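After the structure tokens below, expect a handful of questions from me.
Labels for the chains are A, B, C and D, by order of writing; each one numbers its residues from 1.
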């Protein structure tokens, strides 16, 4: 019962962050700013959702898989943000 | 949803039909080769949706295994033919500098 | 949950229209990738989890990379303006509307029934020694189809290779990317093997595993990692290995099981897994060959 | 718990629908790519939620593939180096 309540709370938090991410994607002024929506808000949302589902997970393996998925998503979106930003910014960083 | 009482399967085959003919229409009408290939893929997805949505689900909600196997085969063939088409389009482009076949090119845009 | 389905369908339709009428080839490709991503979700909603897995890996991953790779070439061409011309609408679209209406009417009269074949599959599943029905259909009941499919894939590769491949510049070294890809690729290879193994009891199998494997190799390629391993994949032997294994096992079935493409009792599980492993390698190599990649 | 799953799934799909505006509007292809990545992570969350709701462990495998291959599209997009493109091209 307590765990269910905790999960629900985490889902609510995830909802807040997912919505913030989507609103950010729509409202932020240019491409570089919009990368924030992807790499920060959305990944936190995914993290909270993952946490909520880990609490409900039926086995240790399932929980581990959810953690792996979250980590992969984190790394992938950080790298994606970096590569897209590099494309938008004309100057190479100093060597 | 609408006048017809729409269950989930109906929704998907209606979408499948729409995608099929959108894709077919654009594939026939669009001059650019790459757009034709995109349209070919959209059409394929539409056909797969119709194929799968028409089969009844198993007792545990899982789609019909034969339809799934057919669609899986179809997806692999679709990607193979798309890749082949892309390859031909690229070679054609390298050789002629065009991105559409001469008989398809709209008036005035062909240089 | 019907609201989820309806919304998903609407988004898919909007994406398809936007993709087909996109201004440039690259925009169209990006929209198609997003379309593929959501189509995978639609397959999940339809209960077709095997198809969803393949769509996620092939439709959204490999096809996306292929299209973007090709779109770049058309982007920089002076004639690239041609693709800006949206398809000229009227006469064909009226025909399409008419055909769509005919098909919709025809489909609405069909009563979905579990056909004899479906019933036969669930009845024979026990004796096929494979727990997952889709794998059983692909490699036991309809093995001929799968065999020919692999042959078709090889023919496509051969045809693609008849045209000399475009030469690309090798990617610039990027330390951050190299670090990330350096540990992502091994995980992806592991996931591919896991999917292959999972195919014998639940969703998974050679196609999905091959697509993930090809994705892993492409990740390495796009970041300029492991060029030697990449060259190994371009060996023609890897591409035909799967088909040859399939044919050899299939023919030997004539002696051991009394039917070509049959499996001797008790051996089905192991043989199918072996064939699938060989197919995984070959399909992955073929998908890679279809990129027509040659480094400068 | 099932009501919560359903509601959360609905929230995610609504997010997809709203995010669609950015995909359609652009203005640059980099924006569309970012929106596509956002779709991918929303899709991962949706798949994980549906997997818990329907006790379908295989959906987690699909989420895993989404998370792995999302990067592939980005790399294919930016592959040929560092052309200047993005916020300045308004359509």
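Throughout what follows, contacts are C-beta pairs under 8 Å (C-beta built on N, C-alpha and C of every residue); 3 or more make two chains touch, one makes a residue touch a chain.
This one's a predicted model, so the numbers in the text were calculated from it and none came from an experiment.
A.B. asks: When all chain pairs are ranked by how many C-beta pairs they have in contact, which pair ranks first?
C.D. replies: B-C
A.B. asks: Starting from the mean Cα coordinates of subunit A and subunit C, work out the distance between those two points in Å.
C.D. replies: Going by mean C-alpha positions, subunit A sits 27 Å from subunit C.
A.B. asks: Mind checking the centre-to-centre distance between subunit C and subunit D? Centres are C-alpha means, answer in whole Å.
C.D. replies: 20
A.B. asks: Please work out the Cα centroid separation of subunit A and subunit D, and write it as a whole number of Å.
C.D. replies: Those two chain centres are 10 Å apart.
A.B. asks: Measure off the straight-line distance from the CA centroid of subunit A to the CA centroid of subunit B, and report it in whole Å.
C.D. replies: Centre separation, subunit A to subunit B: 32 Å.
A.B. asks: Could you list the positions in subunit D whose residues touch two or more of the other chains?
C.D. replies: Touching at least two other chains: 33, 35, 57, 64, 68, 71, 75, 77.
A.B. asks: Enumerate the residues of subunit B that touch no fewer than two other chains.
C.D. replies: Only 61 qualify.
A.B. asks: Going by the touch rule set out above, which residues of subunit C reach two or more other chains?
C.D. replies: In subunit C, 49, 62, 177, 180, 184, 187 touch at least two other chains.
A.B. asks: Going by the touch rule stated at the top, which chains touch which?
C.D. replies: Contacting pairs: A-C, A-D, B-C, C-D.
A.B. asks: Using the touch definition from the top, list the residues of subunit C that touch subunit D in their complex.
C.D. replies: 1, 3-4, 7-8, 10-11, 14-15, 18, 23-24, 26-27, 30-31, 33-34, 37-38, 40-41, 44, 49, 52-53, 56-57, 60-62, 64-65, 68-69, 72, 168-169, 171-172, 177, 180-181, 184, 187-188, 191, 194-195, 198, 202-204, 208, 212, 215-216, 218-219, 222-223
A.B. asks: Where on subunit D does subunit C make contact in their complex?
C.D. replies: 6, 9-10, 13-14, 16-17, 20, 23-24, 26, 29, 32-33, 35-36, 39-40, 43, 46-47, 50, 56-59, 61-62, 64-66, 68-69, 71-73, 75-77, 79-81, 91
A.B. asks: Along subunit A, where are the residues that touch subunit C in the complex?
C.D. replies: 68, 72, 75-76, 78-79, 82-83
A.B. asks: Which subunit C residues qualify as touching subunit A in the complex?
C.D. replies: Residue list for subunit C touching subunit A: 176-177, 180, 184, 187.
A.B. asks: Note which residues of subunit A are touching subunit D in the complex, please.
C.D. replies: Contact set of subunit A toward subunit D: 4, 7-8, 11, 14-15, 18-19, 21-23, 25-26, 30-32, 34-35, 37-38, 42-43, 45-46, 49-50, 53, 56-58, 62, 65-66, 68-69, 72-73, 76-77, 79-80, 83-84, 86-88, 90, 92.
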